[in-house]
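In the two complexes below, chain A is the common chain; its partner is chain B in one and chain C in the other.
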Partner chain A sequence: MNASDILTPKGLIAAAVILLLAVMPVLTTIADQAFYLDIATRILILAIAAVSLNLILGYGGMVSFGHAAFIGIGAYAVGIPIYYDEYSGWLHFPLAIAVSALYALITGAISLRTKGVHFIMITMAFSQMVFFLFISLEEYGGDDGLLIWSDSEFVDGVDVDDPTTFYYLCFISLMGALFLVHRIVNSRFGRVIRGSMSNDKRMKALGYPTYGYKLTAYVISGAICGYAGALMGNFTNFISPEMMGWTRSGELIFMVVLGGSGSVMGPIYGVLSFLLLEEFLPDFMDLFSKDAGIYWHLPFGIILVLVVLFVRGGINGLLDRWNR
Partner chain B sequence: MTMLLEIRDLQKSFGGVHATKNVSLDVLEGEVHAVIGPNGAGKTTLISQLCGEQFPDSGRVRFAGKDITRASGPARAHMGIARSFQITTVFQDMTLLENVSVSVQAHDGHSFRFWADAGRDAALNAKAMTFLEEVGLQEKAHVLSREVSHGEHRQLEIAMALATEPKMLLLDEPMAGMGTEESQRMIEILKRFKGQKTMLLVEHDMDAVFALADRISVLVYGELIATDTPAAIRDNEAVRQAYLGEEAA
Partner chain C sequence: MDTALLITQLLNGLQLGVLLFLLAAGLTLIFGIMDFINLAHGSFYMVGAYICGTLVALLDSFVLGVILAIPLTLAVGYVAELVVARTLYARDHLDHVLATFGLILIFDTAVHLFWGAEGMAIPLPDWLNGQIAVSETILLPTYRIAIISVGLAVAVGLYVLVTRTRIGMLIRAGASNRTMVQALGVDIKRLFSLVFAAGAAIAGLAGMMVSPITEASIGMGNDIIIVAFVVIIIGGIGSVKGAFVGALIVGMIDTMGRSYLDQFMKLFMSDQNAETAAPAVSAMLIYILMAAILAVRPQGLFPPRVR
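Coming up: the complex of A and B.
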């Protein structure tokens, strides 16, 4: 991206969205609406997860239907140590990343032997295994979930329990994840995974053993998503296996596709519009008719279907057209 | 001349269909060796066994003195076999330069490099450009692959194969789907490498075959019925009957 790319409608919107996210705590403080900071924080965390999924889905053609498992693993990597009175964030976050990466390595090694629908099904099956594993762990609450009564502790004087501090931790993390993925997809490595998405047969004929590259991308993606999970564990104070159910994985895919897979900003637009619609569509509908809001899923679904059907490249693709 | 590719007693069946029957064939270093045959003669099956997409039921393939019968596709590519595909197989959403650059990168060490922008790798781009020039596509270097013509896709395929700096080119119907003018251009391009690069050319276009080949092998129903010089193949009675005769009739 050069300077001239920013001075287009698309670039300006991207800059505006990031700027808006950067000053969100100021705005919510002025408006005295702490609740909205909550929504914004959730948007940031899910955006990190969506960015990680976009790396393999949008650039590598690997449709993982089990990415919510990484969020769950990351969250439990915070919750379980705290259950044993281990409060150090220096333990929680590396643990979340390491366990997620290991889980990605093992499941990816098997899943990537398949393609297409089979890959989708097998990643979903693995995530359901993790889901049921945590349900069966009575010690950690089973399907009742686990209360996290404290947050990760990093250094004295920095309290991630404070909503604004935590918001900025999430914001910086998202920017870091975006930059990381941006570098990766444009690197030599990124070319290999983009090439194998575009034409795996040709990549093999050129001499690339694509399996190892795809597996590496899968592990990186899982590790980033596990990190997002650790943030989620700190954010919610209550975690349960429900957060890694397959419907959650489906929502993540939807966010990526809605925003525009295979583009840097796409996942952020996707999460943003998905969560904002989810939050405000019911209220909006209530304006027209009392209690209409309880049917908000219907227009929500219709909007999603329309975007997928008619806007190639999602919201980001829409902005691309405007550019021309 | 030394033997570069040595195929011995190759057999491959799919269910009841005997697609490759006892094929033995040598490709000498530096020659252009054409394989011709009517539709369904098993040409593509033969090619796919040579580049590691399928494995033979029995028989051996040796390349540059090494047994490669069971080697994987990527391993063969690294030993110096480059192929072009019958159906255009390029990266549609990359520019022509990027397409060739990915090919150069394949033979420039491993690609577990995550940080530096490959698009700004001057050495990679410069090298890719020389191969685009060799097939005359340098002016379209920055055009997206999906926006160029079919003939240009075929030329790009050649550039991508050359970019891996192979010992041998396996060309699977490089003229497929081309008009006369485009075919003529392709023949000119391939002629430039004649004598420098060993080529195994599978082709339907007889003008191209007789213009390029040093030797021709004729495959009919999975079986090799003759290997000889173009002139001798033209006069070969069995070939005429089995193959050329079909077209005349």
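Coming up: the complex of A and C.
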């Protein structure tokens, strides 16, 4: 992206969204609406996860139907140490990243031997394994989930328990993830991944061992997503295996596709629209008929189907067409 | 080992296998012919159960309720194909996953809207509710035998339909080479609508059969559909035979794993370790099996010949 790109409607919208996210705590403080800062923090954390999924899905064509497992692993990497009174964030976050990366390495090495629908299903199968593993770990709450009574501690004076501090930790993390993914996809490494997405055989014929490249991308994606999970573990006081069920992975894919997979800002738009719909659609429906809000999944599902049928390239694609 | 318990567990495994087959049969044909991933297949399982429950309450007859609910579920499947699925065949798998994920939300909420959030119990007639005494110690519940019989009857019926009839020939041909079948002048779209609707009805039948045991509830199809996918991937996508064998393997392994894995693991580790590890491993067993089969034999056990 260079300077002239920003002075288009699409670039201006991207800049506006980032700017809005950057000043969100100020706005919510002025409006005295701490609740909205909560939603915004969730948006940031899930945006990091979506950005990580976009790296392999949007640029590598690897439809991982098990990315929620990484969020769960990251969250439990915070929850389990705290259960044993280990509060250091310098332990939690590296642990989340390391375990996620290791899990990605093992499952990716097997999954990437398959392609297409088999890849979708095998990544799902692995995440189901993790899901059932945590369900059966009675020590850490099993089915009922695990209470996290504290937050990660970093250095004295920086308290991530404070909503604004934590919000900016998430914001900086998201910017870092965006920058990282942006640099990766525009590097030589990224070009191999993108080349392999459009024609894997040709890339191999050119002499690139695409398997290794794809596996590396998968591990990086998993590690970033595990980091998002560690943030999630800090954000919520309660984690449970439910957060890595297969429907969660489906939602994550939807966020990426809704925003526009294979674009820098797409995942952020996707998460933003998804969470805002989730939050305000029920309230909106209640305006028309009392308690209609509990049925918000109905219009939500219809929107999902319509987006898939008619909006190619997601929100980012719409902005592209507007540009021209 | 307790024989009566073993027989009960074998029966449970067989029952789960048969139910999984009813779901997987439609799924594998839809997948095989049109290369279409239908996550919402489990919704027909749920819708069938609810329609049946309403009819049973209305008519006061379980058998009549099931018989009438089957064509109604077929109609629901037909409409879903016409409105959503048909427009998606030309798209990639990602779009299938997303759109049918949306369909699940729509179906779940629609059921919530029509029938409420509470589950729906379906009462059994007395003649199905008893037990058959095989010997003094071994009693088999009549209804489980009935489920297994219905499932096996459907399996035989499907086998005859697919291998012995003209329409079955077209289905098999469609699964191995869609373009060629089209080129020979067969309206593959109509054939597919038919298969989709029939698959929905069979999935609905599975839901109707299971509901007297577990009661019908919202989202009941969402967990079992994932297991049905495991079945068709193990069996080989597009193969009814593969779906049948895969379903029985998965049903048996899952049931047996849950009941006997701890005893098996005690053979080579301490009792305490076995008791902690067994529940985790048994819940993961079918996914481990699937990952192993996919890693070694990605096309599944019985892939349709020629692609």
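The criterion applied here is as follows: the second predicted complex is superposed on the first by the 324 of 324 C-alpha atoms of A that agree within 3 Å, B and C clash if a C-alpha of one lies under 4 Å from a C-alpha of the other, contacts with A are read in each partner's own complex, and residues count from 1 in each chain.
Here is the rule we use: contacts are C-beta pairs under 8 Å (C-beta built on N, C-alpha and C of every residue); 3 or more make two chains touch, one makes a residue touch a chain.
In this text the structure is predicted, and so the values were computed from the model without any measurement.
K.L.:
With both structures placed on chain A, which of the two partners, chain B or chain C, ends up touching more residues of chain A?
P.N.:
In the superposed model, C touches more residues of chain A.
K.L.:
Kindly classify A:110 by the partners it touches after superposition: chain B alone (first), chain C alone (second), both, or neither?
P.N.:
second
K.L.:
Report for A:189: first if it touches chain B alone, second if chain C alone, otherwise both or neither.
P.N.:
Touch status of A:189: first partner only.
K.L.:
Touching A:199, do we find chain B (first), chain C (second), both, or neither?
P.N.:
A:199: touches chain B, not chain C.
K.L.:
Output check: A:216 vs chain B and chain C. Expected answer is one of first, second, both, neither. What do you get?
P.N.:
It touches chain B, and chain C stays clear.
K.L.:
In the superposed arrangement, does A:308 touch chain B (first), chain C (second), both or neither?
P.N.:
In the superposed model, A:308 contacts chain C only, not chain B.
K.L.:
Between chain B (first) and chain C (second), which does A:285 come into contact with in this model arrangement: first, second, both, or neither?
P.N.:
After superposition on chain A, A:285 lies in contact with neither partner.
K.L.:
After lining up the shared chain so the two structures overlap, which partner does A:208 touch, if you call chain B first and chain C second: first, second, both or neither?
P.N.:
Only chain B is touched by A:208; chain C is not.
K.L.:
With touch defined as at the start, can you tell me which chain A residues reach chain C in the complex?
P.N.:
57, 63, 65, 110, 113-114, 116-118, 120-122, 124-126, 128-129, 132-133, 135-138, 246-247, 250, 253-254, 257, 294-295, 297-298, 300-305, 307-309
K.L.:
Could you pull out which chain B residues touch chain A in their complex?
P.N.:
51, 53, 72-74, 77-78, 82-83, 85, 89-94, 98, 101-103, 105-107, 111-119, 121, 160, 164
K.L.:
With touch defined as at the start, can you tell me which chain C residues reach chain A in the complex?
P.N.:
My answer: residues 31, 37, 39, 84, 87-88, 91, 93-95, 97-99, 101-106, 108-110, 112-113, 222, 226, 229-230, 233, 237, 276, 279-280, 283-284, 287-288, 290-291, 294-295, 298.
K.L.:
Where on chain A is chain B touching in the complex?
P.N.:
183-184, 186-192, 194-195, 198-199, 201-210, 213, 216
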